[in-house]
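Here's the structure, in structure tokens; my notes come after.
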Amino acid sequence: MTETLPATGKTRRIRLADGTGPVLAVLAVLLVALAFAGPAYSEPAGYLALLKRAAPLMILAIGQYFVIVSGGFDLSVGSLVTAEVVIAARLIDGDEGATVWVIPLLLATGALVGLVNGLITTRLLVPSFIVTLGMLLVLDGAVFLWTGGSPRGALSEAFRVVGREGFEVPLLGAVPWSVLLLAALVVAAVVFMRGGTGRTLVAIGDNETSVLLGGGRVERLRTLAFVLSGVSAAIAAILLGGFAGVSAQVGDGLEFRVITAVVLGGVVLGGGRGSVVAAMAGALTLEALFSLLNLLGVAGGLESAVQGVIIIAAVAYASVGRIPFRTRRST
Amino acid sequence: MATGTAVAPRPAQRLSRVLQPTVVVYLALVLLLVAGSILVGVRGGVLLDQGGILNILTRSTALGLVAIGQTMVILTGKLDLSVAYLIGLCSLIGAETMAGDPGMIVPAVLLTLACAAGVGLVNGLVITKLKVNAFIATLGTALIIRGYLESAYSGPAGEVPRAFQHLGYARIGPIPVSALLMVALAALAWWYLMRTKGGYHVYAVGGDEEVARFSGIRTDRTIIKVHVLCAVAAGLAGLFLASRLGSGAPWVGVDAGYDLESIAAVVLGGTLLAGGRGGVAGTIGGVLILATLDTIFDDLGVTPFFKDVVRGAVLIVAVALYARRRGALR
Amino acid sequence: SDLPADPGAAPSQAPGETTGTSEFFDQAEYERQLALRDATPEGPADRPWEQALEPELVDTAQYRKDGPHQICFSNASVDNPWRQVGYKTMQAEADLHDEIAEFRVLDAEAKDDKQISDIASLTSQGCDALIVSPNTTATLTPAVESACDSGIPVIVFDRGVNTDCPVTFIHPIGGYAFGATAAEFLSEQVGEGGKVLGLRVLPGVDVLEHRWAAAEREFADSGVQVVGAEFTENDSATAKSIVSDYLQREGQIDGIWMDDGTAAVAVLEAFEDAGMEPPAISGEDQQQFLQKWKDEGLTALAPTYPTYQWRTPVIAALKILRGEQVPKEWILPQPVIDDSNLDRYLTAGMPPLHYGLCGCQEMPGFPQRWQ
Amino acid sequence: MVVTGLTDEAPVVRMRGIGKQFLGNAVLRDVDLDLHPGEVHALVGENGAGKSTLMKILAGVHRPDSGSVELGGSEATFGSPREAQAAGISIVHQEFNLLGDRTVAENVYLGREPVRRGQVDRRRMEADTAELLDGLGERGISPRTPVRRLAVAQRQVVEIVKALSTDARVLAMDEPTAALADHEVELLYGLVKRLRQRGIAILYVSHRLREVFDLSQRITVLKDGEPVTSTATAELTPDQLVRHMVGRPLDALFPDRAAESETGAVRLAVRGGGNARLAGIDLELRAGEIVGLAGLQGAGRSAVARAICGVDPFATGTLELEGRPVTIGSPRSAIRHGIAFVTEDRKGEGLALRQSVRDNALLVRRAAFGRARGLGALDLAALLRSVTLVARGPGQEVRYLSGGNQQKVVLAKWLAVEPRVLVVDEPTRGIDVGAKKAVYDLLRGLARGGVAILMISSELPELIGMSDRVLVMHEGRLAGELPAGPSEEAVMTLATGHTTVEAA
């Protein structure tokens, strides 16, 4: 009883499984169900297509994870995605050459919106729910004020490559670029969260004061989380715009979908708990669920009802089921 | 012995009383009305003529009703994202039950409110018993109601009798009767929150749920209660809208964005999103500010896109001001 | 009370619908619309927005008034590109007329309740004529009625109201004609047993419901297999995903029926991305669709719901104020774009979601004002 | 309820065979405990022994896994705090249980607001609260003040008043004096005596053995969740008690002071420091010495600590580190200058409760230095051993640790950055004797290693026992300095402002 266990890898594995377990189980069930429901899912191509479709939401989930785990909300990502696509179309206006500078500009815009969200949240002490709700309204209005009501211009082919096309890989077939990009971002996010900055971000979500008194730059880190979320929205916009072209509706409802995804992944609203892998698994789960419902021919109305039941059930299972789950594990 | 531990000085306390968010909200409203009158006047119009007042008050009614309920929920530190769909659902239940028959008004109102209370009860139970975060729980309920509305309705349905439409249209001078009823409900909610034990417990749960529970408050019950009250308020908003529209309309709440807008109004009214501080009086001020802004913009012929930008900015700036004041007082 | 007078037993004049959850199908109206497609419009051939099909003129001498006028407009919203293009065209139309001293607009932002108060406040503000584009048919009827009661001429366009009190109700032929035209074209292209996917926007909007109701009928009659009807909420990404799913599930789709062409390009891309030939497709007159059609020589058709109908209410208002006769129900022709007239509606350099049938090509400020 | 304070009376609470597990670990095993009317029953034991858990079972916060609770002879295992309260059990919890935004009166009557004609009777509530506060000798607290404005000690008083206001038959107090200074403890003594006379049974948890002997009639010692002994206080000596608690006799509690030769050059010096709460602060800390900072509640001790550590920095005056003037405007700059700060509120300011022991221990390193810049490699296991942490492993979430062990984690996270100046505010608040000794040894060890330490404590014996010099504060100013081992009277005289020169 009076011994402290040495720091071994064993306990770390248990910790990871703790948050990730339920969502991974649900995901596995869904993937198997997909294989039974649709012939396309008997080969890698089907799953690659699923990943391609899920990539924007998963990338948004990474960004949203940073914000949620540090104790905030980002409701502005949906309208930011729309704004980015509309901006890209107007600036590129079909000119292939413009792609080169528009993409960095979009990333910078995402970062800037995140920076504003972050600065208002941390400096002016406005709850992020309100800041990003306000930002949602501002972006919604501003971008159409700028374009005069509906999208203008067109995206270039080069811009659309990442969201739309793929490259050939033996055995797997055509691997979408977006899946490759997703993989790179996943690795980057995991590495980031294992590092000191990532752990400090989680600690901020748990107890901001303790990090502040511990010498952490709380405001800067929380702002960073919003910036990363903004950048993730920019990347998601590049993928979505690439996938389906210009539209004034691309981002509609994304903010709630991505928060649902992150929570489905076991990340606790309010911060301090949850892993980035689980958040992404939550996003993939949600997309797999939509695909399955579609394959089963479940119609519109039922689809949202099923979604509603599932998110409640998943979160209920995670919070009510947590204690028995852990007891079993430790005995 | 305890002379060293002086209580905070009196003047500061009095100042803080005066500068309470509620007072600030109404000051801002007055400023807005003055500025708006000037702007509209420059353009040759009158903001606060009979039509203007009527407009502001009519616009405030539905949002005000929802926001009263939302205030109680937010005071406990939760949120209700299901109100928008619930309003649509309630307008349909009301209008379909009435089906144009004046004799069915009372049963229809009761049935609607009972259904609304049922939804609130489900929200409350999911939050307290299944321990689902309120954001997710009410988002889930919203999706379920939406699913039902999508599959069961393809447009407005039901018909309210003319007698019931008077609720939406009757007025005394420039004051709509429905707005008076909304204010009466606000007064009732204010009394409940400020004067009764139940209201005290709402603030306690919002201040710190654990502390409230350790102090012997049935926190679950309080949370369920506010969700039921909020849903009933949304039900009233649905009935009011049904009386305005003459029928039930599935998307009437969603199109108006009453979920996020009611939260915005509550927060604009100085209630802390985290719960435990604020009140209905401020909320009504917040609702009036939003409606006044809308009316001023209409009179100025501003595009809806610009309105959104301003609404967003006003929301952020207002809450930033409250936060600043609170920081200064601490 | 501001409660409008009892509508009594006034028969509905709007095409088809009365309130209710019932099927959006009205046999008589359906047949009427199909017949109207072949009727010859009256009026100037080069100005279809001034033409009318089978007009039944009414006298408006009672509204006669000397200018300059204040014309008021209660708009449902400008929340989609169709309404944007239309609204711009309407403003341009208003600018054309010196008799219009002021064109006052209130935008209801898609809120029925707000539009009710908008109409009430416009009514009380000394407008000489009131134009209404209702957000929802059933729920705005009482408000329009009370506007009529105030004595000013009321003009309704696009979606209707369930009352005949407006001086004129302006609309193109309607959803049944739209849906049936597209479905006939597709049936012809895919043949009996061919697979068609229906892509719809939203449930519950009457005009859109009529389109699908007519199409369903046509497909059933000609033995076309409808593999599904999905709602896209006008989102290209959703539409593209849905089509990809269907391509996976069905292996092949011969025709795409759409009740809104916004996502047509994304839908075609789903076929491209799957390495398939583009199907026969019915879209709308959006620039990007027309452009792709022309560039790739698609098998396509675009029945339209012309945006030029936004010009007509202003014209009608002025006619009424001059005491000229107007059709009680002003049915505008509803042109169909096919390979033969594609070039006429395609103007290079317009935004992707510009509508070719804006009727604005000759207006001052074209094309900058619409870009 | 007229009962004489006799111990042979039937017990009002009877706990039998109580067992409780958390996450599969037995925290309580087969605990029996009787509470008699009019008796103070002390419950003592090391950190994590299960005292708070037992109390929470009595309060209806936790349900026991086995065993039974009887109240007044009938079975009463409570499902919620409300039921326990209704049955006449009242608790002063170890952690604060107050709402910052509500007034003192509202907090005191939380959940039991008096109602008159459907409305809460605010006037009565406030009058009754004022009366209760008076009874405790607290005249500085207005019933209408929001609790957020009160200092820590005042909050503790409100917490006690809240428990008293219920007219309970049984009052359980979990370290009620942890945040109180000695003179306030005296007031509490008086109060407890009066309650005894009213026939109330009191369960009293404290790590301050002097209180235990002063107040209790019976002592139960818990060790690792099991009762070791339950004896009349009169039959125990402090040494025996300590032996029961830690399982071995403790030699001298306080380590030897620093020898003259061990104190080095001035490490940190403040000259004329002042801010909103402080004025004219002049102090020096030398390498290798422990300087005590004494004073009454609210005298500004914590304010000095917070100013030095950049939390609420000095607005005037200069601060020198090793002879060089430095500007410290934030905790970050303080830490990067080698200044560490163990705050008094470990839950609110010290720990990220839902993170693991490991993440908390590394928190400052990561937050202030990023990739361990300029710091040596860290042996986490050794670090945790050095603070004698009892935990299931470095992966355990800190919120599941007992209060004392949490405090050790706080110390660990600061030791991880190898500070050269250590400011400790109430470092032993709420920790057991054994752990206290460990902390004392640790602090002294650090001082020997050349760290300059400023120690704040409200426990005068501890402060006197540990310090090489004692600075005394009065109303935001330094009232004087005393050499090693001053008498308590000398400290108190300065602290109450009787012989102040500056503060005239």
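Each chain gets a letter, A, B, C and D, in the order it is written, and its residues are counted from 1.
Going forward, a contact is a pair of C-beta atoms (placed from the backbone, for glycine too) under 8 Å apart; a residue touches a chain by one contact, two chains touch by 3 or more.
This is a predicted model, so every value here is computed, not measured.
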Labels of chains that are neighbours to subunit A and to subunit B: C, D
Pair of chains joined by the greatest number of C-beta pairs in contact: A-B
Chain of greatest Cα-centre distance to subunit B: D
Where subunit A and subunit D are represented by their mean Cα positions, the distance between them in whole Å: 43
Inter-centroid spacing, subunit D versus subunit C (mean Cα positions, whole Å): 74
Separation of subunit A from subunit C, taking each centre as the mean of its C-alpha atoms, in whole Å: 38
Numbers and ranges of subunit C residues touching at least 2 other chains: 78, 203
For subunit B, residues contacting two or more additional chains: 150, 152, 303-304, 307
In subunit A, residues with contacts to at least two other chains: 149, 300
Which chain pairs touch, all of them: A-B, A-C, A-D, B-C, B-D
Touch list for subunit C against partner subunit B, complex: 1-3, 6, 17, 19-21, 24, 77-79, 104-107, 109-114, 116-118, 120-121, 124-125, 135-142, 203-206, 209
Residue numbers on subunit D that touch subunit B, as the complex places them: 59, 61, 80-82, 84-86, 91, 93, 97-102, 106, 110-113, 115, 118-120, 137-142, 145, 148-149, 151, 153-154, 162, 183-184, 187, 296-299, 474-475
Complex contacts: residues of subunit B adjacent to subunit A: 126, 130-133, 135-137, 139-144, 146-152, 260, 263-264, 267, 273-274, 303-313, 315-316, 319-320, 323-324, 326-327
Touching residues on subunit B, where the partner in the complex is subunit C: 50-52, 54-55, 58-59, 62, 150, 152-159, 162, 165-166, 168-171, 241, 244-247, 249-252, 255-256, 294, 298, 301, 303-304, 307
In the complex, subunit A residues that touch subunit C: 38-40, 46, 49, 53, 89, 148-154, 164, 240, 243-250, 252, 291, 294-295, 297, 300
